[in-house]
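The same chain A turns up in both complexes below, where it pairs with chain B and then with chain C.
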Partner chain A sequence: MKLTISQEKLSQALNLVSKAVSSRTLNLVLAHIRFQVTKKSLTLTGSDGDFTIEHTVDTEGEREGALLVPARLFVDLITRLPKKDVTLERQDGMLKIVSGYSDYSINILPDENFPSLPLFEEGKLAQLPAGLLRSALGRTTFSALKDPSGTTSHYTHGVLLNFHEDNLDIVATDGHRLALERMDNPAPEIKDRSLLVPTTITEELRRALPSEEDKTVEIYFLSNQVFFKFDNSVFGGSLFDIKYPDYLKVVPKETKSVANVNRSALREALQRVLIVFKVKEQNPVVRVETSGDSLVISSESQDVGKGVEEMPFTQGSPFADIRIAINPAYLADVLAVVDADTVDLHWTSEVNPLKLELPEKPGYTYIVMPIRMD
Partner chain B sequence: MESLIVHADLDTFYVSVQRLLDPSLVGRPVIVGGDPHGRGIVAACSYETRAFGVRSGMTARDAYRLCPQAVFVRGHGEYYGYYSRLVKNILEDFTPEVAPMSIDEFRLDFSGMERMCPAPSALAERIREKVYLHTGLPISLGLATNGLVAKVASGQAKPDGYRVVPPGEEAAFLAPLPLGKMPGIGPVTERMLTERGLTTLGDVARVPLVMLRALLGKHGEALRMKCKGEQVITARETRTVKTLGHESTFKDTADPAKLRAILAGLTAEAGFRLRGGGYTTRLVILKLRYSDFETHTHQRRVDALFSDDAIFKVGCELLESTFSRRVSVRLVGIRLAGLVRDLHQLPLFEWQRRIKRQELYAAIDSVRGRFGLESLTTLTAHQARERLPAEASA
Partner chain C sequence: MDEIRPLPAEEVEKIAAGEVVERPVSVVKEFVENALDAGARHVAVEVGDGGRRSIAVTDDGSGIPFGELALAVRNFHTSKIRACDDIYHQTTLGFRGEALAAISAVSKLTLTSRRADDELGGVVSVDGGRVGKARRQSLNPGTVVEVRELFFNTPVRRKFLRSRATELHHITNCVRNYILAFPEVAFSLVSDGKPLLTSGGRGLTPDVLYSVFGADVGPHLSSFSREYPPLGVSGLIAPPSLYRETRKLQFFFVNQRPVKNRVMYRAVDDALQEHVSAGRFPPLVLYLEVPPEEVDVNIHPTKSEVSFLHQQQVYSSIVVTLKDAVRGAAGEQIREIKQELQADLPEPTESVTAPLSPPTVAHPQGVRSIPVFEMGSPLVPDGPSVMQTEATRSRLSVVDAGAVVSLAREMGIPSFVHPDGRYFACQLAATYILLVKDDQLILIDQHAAHERVLFSGMWARLGPDGGEVVRQKLMFPLSIALAPDEIAVWREHLRVLEQLGFAVRFGEGEALVDEVPKLLLAGSDEERIAGVLEELVSSGRSAKLEDERKELVAGLACKGAIKAGDVLKPAEIRLLLDELLSLDDAASCPHGRPTMIRMGVKELAKLFRRS
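What follows is the complex of A and B.
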């Protein structure tokens, strides 16, 4: 195997596929990245045994071949090389890396036992603009939890893609708040199919998806595996095979009161009142209420002190005075990711869910459950 | 403006409560804790027994050897909490700043209340009188400009008295006291200091800082400040609860039904404290000790739980998987970890059901808070209490 490639191209590709490599793996093979060189391309693969990222770079290989390089070490080395051409060559059972005045030989493994993505010519489910999926995931994924151990499957550890009649719903929840993005079903022939994709995959996917308008992402579904194919990359992994709770049931359809608030003013106010809570305080609480024509946010922490923020708001219809206690982080999270000038807060009572919608963007819904104060 | 801290410490609290429940114990040597012929340790002992060398923490058997004439009584955990809350309520009539330091110790802050307060000694007399009149419990007080000196002063005031350390006299008050009086000087530190000829707190205050640093590391500086009677500001005064648990030693049994019944009682205690702090638990740990002292713990991750029945169900399943040997068991314990203070955060799914359960437990807890844990109990836990003491004394 021999190839010459620019350092920038190589480290970019390595950074992408190394996202799937687990630092805690017990399997030696999985601590490696697979290199496959053909006459026309270089294909890199990283995997934790389930979640796999494959990326192909168009480049001319001098000699074809495949091998496994130690992921951590190789990424560390390549990203620190000067921005010049790098020559990689298999020599005496080692990988020789030459770039400018640098010359390294590192131990490698033969290309054996590395998990490979199945050939998935069939099983194509849908195709949609990559930018659309990227921004939809950006507005939803943050609501779900990341499984710290990577071993359990729970509905809070995944993002649901639900193809249902005319809609594709993207849903994420941690059990206390929920984000729902509804878009037109890109594959209307699919009447009922839901995929619960682990958050570890959607999080990396969101970052890697191109934001250009004209690029597309293809979704494949085979038995319990899902693949996202875009540009020269494939993201693949197992779906959670568990039942997702009926999220539509918890979205309040009718509420007693609507208030329209400036997004950045609300966000900045929440960030300031959060300072009143110690960093370690696990669950901060703020009261949000309307008083005359202003929205009042107040917080109090025994150890630090208290703070009050007031801002104007516009009454919607219907309207009644609002009074609710919530975790301010839940509201600040969503205000950070949505791109809108104002947000609508829908409210019914102190115990009913608080609903946030974007007047400029129908189809997006965010729900926060309140904290009971008595 | 000087600050004024009052450290209140109930004298031989468990014994005093037992004497309220059974007046015949007044004036007699009393030991609260385990069975003198069986197992268990001394949880508290009256002043009469201390003359014989009895100390809390020793085994009941040893205490019996030292003081066979003592009356041994079993503790009534739920009454202690009740009386402790009662005393706290009374203390709150004097100042809103009452911080419980343990079940029988409170720190009262009167700083900034000079104009409302009488002189310290008159204040102390009023507090002691009111607590005694309303509860019948003797309480000792230490009054000083900071909590640490106040605590040491309350120790010097015992039994049934008070001690005022005027501003500026802190160092002079501490100087003649032996090392062991200072919180934070345990047997190991005490031995290290004594070996170097330091026997009183005044000695430690006078020693050059470098020597204490060499001896005790960074604690040396704090200790020297403490011995001078100066306020030491620690990074984190309030402790956050990480886990909470209860365990019980009993007459060995291999009967699974009996073990479950004991577990039910322990779960009720742990659940009461869990909800009292506004927590939910995410990890349930069961501990089992066989009669040969082989000890096993099994744990399970759970969704946020707060109700006794849900925790008990997990506990029973863990008990079943842990109890694998055909040997009798002498101790069962349950511990709740992964505590998150989100009892009042409503969940998205089935929140109406959650509100109902929360209201049910709020009602149960308020009854238990007023009348003791035994006042309202599940059938399983009730059977445990019915059967166990009778067999233990048999």
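What follows is the complex of A and C.
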């Protein structure tokens, strides 16, 4: 195997596929990245045994071949090389890396036992603008939890892609707040299919998806595995095979009161209010209420003291005075990721969830469960 | 004082009855055992008002000859043994010949029975021990025993009966036991007209396991079986991850008799110890077959306690069998986790590799030459302790504190001399604090110490009765699968749960938790919430909750505390020490690790072998 490629191209590709390589693995093979060189391309694959990223770079290979390079070492080395051409060559069972004055030979493994992606092309489900999926994931994924061990499947550890009737719903929740992005079903013929994609995958996918208008991402579904194909990349992995709770049931149907608030003013106020809580205390609580033409956010922590934030808001319709206690972090989280000048807070009662909507973007709903203090 | 005189016969019977009949479930147990001894294939149990109003057991067993009806309810009348030694060879559940007599002494009992060969059956009634005349009556082959108004003539006992729900809970558990002990017999339990349990008598089929163990455990049981002639050990076990906080889903049988036995408990716990922590009990059914002559069941009239002739043999055969069984049930999973843990080991932890502050590295001898040892050595004094404490103080205070500290700083050792000369302190390896105070050398783990300081403050505010109850509403209610009898018990605890910050509703075969106390919420681990609730309900106490809260607060303190590897400023050292030393329980962190190691003059003398 022999190939010459620009350092920038190579390290970019390596950075992408290494996202699927888990830092701790018992399987030696999985601590490696697969290199496949053909006359026309270089294909890199990283995998944790399930979650797999494959990326192809168009480049001329001098000699074809495949091998496994140790992921950590190789990525660290390549990213630190000068921005010049790098020549990789297999020599005496080692990989020789030459660039400028640098010359390395590192131990490699033969291309054996590395998980390869199945032939998923027959399971095409839908195709949609990559930017659309990227921003939808950006507004939802943060609400789900990441499973640190990667061993338990729970609905809070994934993001739901629910194709039903005319809609595709993208949903994420950690059990205390929930984000729902509803868009037109890109595959209207699929009336009832839901994919619960592990957060580990959606998180990397969101980062990697291009934001350009004209690019598309294709979604494939094959025997409980999902594949996202875009640009020259494929992201694949197993779905959680568990039931997702009925998320539509928690979205309050009726609203007693709507308040329209400036997003950045609210966000900054919440960030300040959060400071009143000891940084490390979990689950802080604030009261959110309206009084006259101000929205008042007050917090109290016995450890530190108290703080009150007031800001103007616009009454929507219907309107009644709002009063609710919530975890301010949940509200601050969503305000950080949505791109909107103002947000609508929908309130029903102190014991019903608080709902946030974007006046400029109808399909989006965010819900925070209340906290009761008595 | 009254003269000594014999008790009237009926009073004797009432007193003796107390041993056999504690509560309605005891009646159910005796009647079911009699039915099983009579070879019944179907046993139907019906109770009214949790057994407080009525209990009836119908069977299709051998029946009782008309002529023996009245004898059956007499004390020490049995058809099962002839002499005491027979006990050790018999295989029937009953043999003492006292159950019917005892029960009929404290209730209104009707015994109706017909043998298959007889044309007519007969019936006899007993009212508080007074046996009526046996009459002929037509009946299907088999026996019906019915009891009404248990304890009607012992008002004190009647007062001790618990609620309908609690009594029913015990009865349901009892029937569960016999369903498991006699899978080939069809059982049914009906309470106030409502069916609670049924088993088809076709073995431990999935639906039987479902009805005994519920939806979350039933399908996950795997069976095991081993022979160690003459012993046999078999049963069912759930993966250890499905553990409960009590033994309530562990069922033990010796020769088909439900038993309580410490040797068996210990064997099970020891066998599973690798897989579950102490105080956790995976659902389990354990059948032990022992030659009847090697087990004594006649320890107590209820016969649920047994003792073994060869305890050690019983113990080890259970341990060996279960260890294998668990390896089968959850072994794969557990091995993986273990391997993962081992794989983690070689990776050095942060605290171990925490860099020493650079100048200390530059002077490898630095630590040993801390100037404190040159300060007129207060370490091995020989005067009386009070005096010498004073002396130490004054000596420390006259030392040129600035010189000491600046020397230490030059060496890269954060150090601090208390302005009143109360102590000298410096930080070692960015992890420990060395403190010289009075005539002691104290080594402090900075993380553990700070943890203790934070914990004490938080616990005072968030502790058992500090602070309001803040409830977090859950987005999706947490469901806990419960049997109908358990639901009834939970209902009784609703108010306590409510006060603690839980909101619980009940659905079909489940409890739905809508709100949880905010403090309990960390990580919203559903399993943990369920565990706490189960424990709360079964014990009726909130000690567990308090433990949970403590652990939680300890966790918060741990997160907030400075870590090993954090270099401290002198003022921080002082703050930490002043706060720590002001606490009563300063010696250990909330997780129980020591915060400090003290070395007094005696210990030091010992180390240097000064006699």
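The rule is simple: the second predicted complex is superposed on the first by the 374 of 374 C-alpha atoms of A that agree within 3 Å, B and C clash if a C-alpha of one lies under 4 Å from a C-alpha of the other, contacts with A are read in each partner's own complex, and residues count from 1 in each chain.
Basically, contacts are C-beta pairs under 8 Å (C-beta built on N, C-alpha and C of every residue); 3 or more make two chains touch, one makes a residue touch a chain.
Bear in mind the structure is a predicted one, so any value in this text is a computation, not a measurement.
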Partners on chain A (chain B, chain C) - clash or fit: clash
Chain B versus chain C as contact partner of A:26, first or second or both or neither: second
More chain A residues in contact - chain B or chain C: C
Contacts of A:175 with chain B and chain C, given as first, second, both or neither: both
First (chain B), second (chain C), both or neither touched by A:187: neither
Chain B collision site on chain C, chosen from 128-136, 290-298 or 380-388, when both complexes are overlaid on chain A: 380-388
Residues of chain A contacting chain B in one complex and chain C in the other: 173, 175-178, 245, 250, 280, 282-283, 303, 327, 351, 353, 367, 369-373
In the complex with chain A, residue positions of chain B that touch it: 238, 240, 301, 340-342, 344-349, 351, 355, 358
Chain C partner contacts - residues on chain A that touch it in the complex: 24, 26, 173-178, 245, 250, 278, 280-283, 285, 302-303, 327, 351, 353, 367, 369-374
Parts of chain C lying in touch with chain A, wherever the complex brings them together: 339-340, 343-344, 347, 457-458, 461, 467-476, 515, 518, 521-522, 524, 556, 559-560
Touching residues (chain side chain A, partner chain B) in the complex: 152, 173, 175-178, 245, 250, 280, 282-283, 303, 327, 351, 353, 367, 369-373
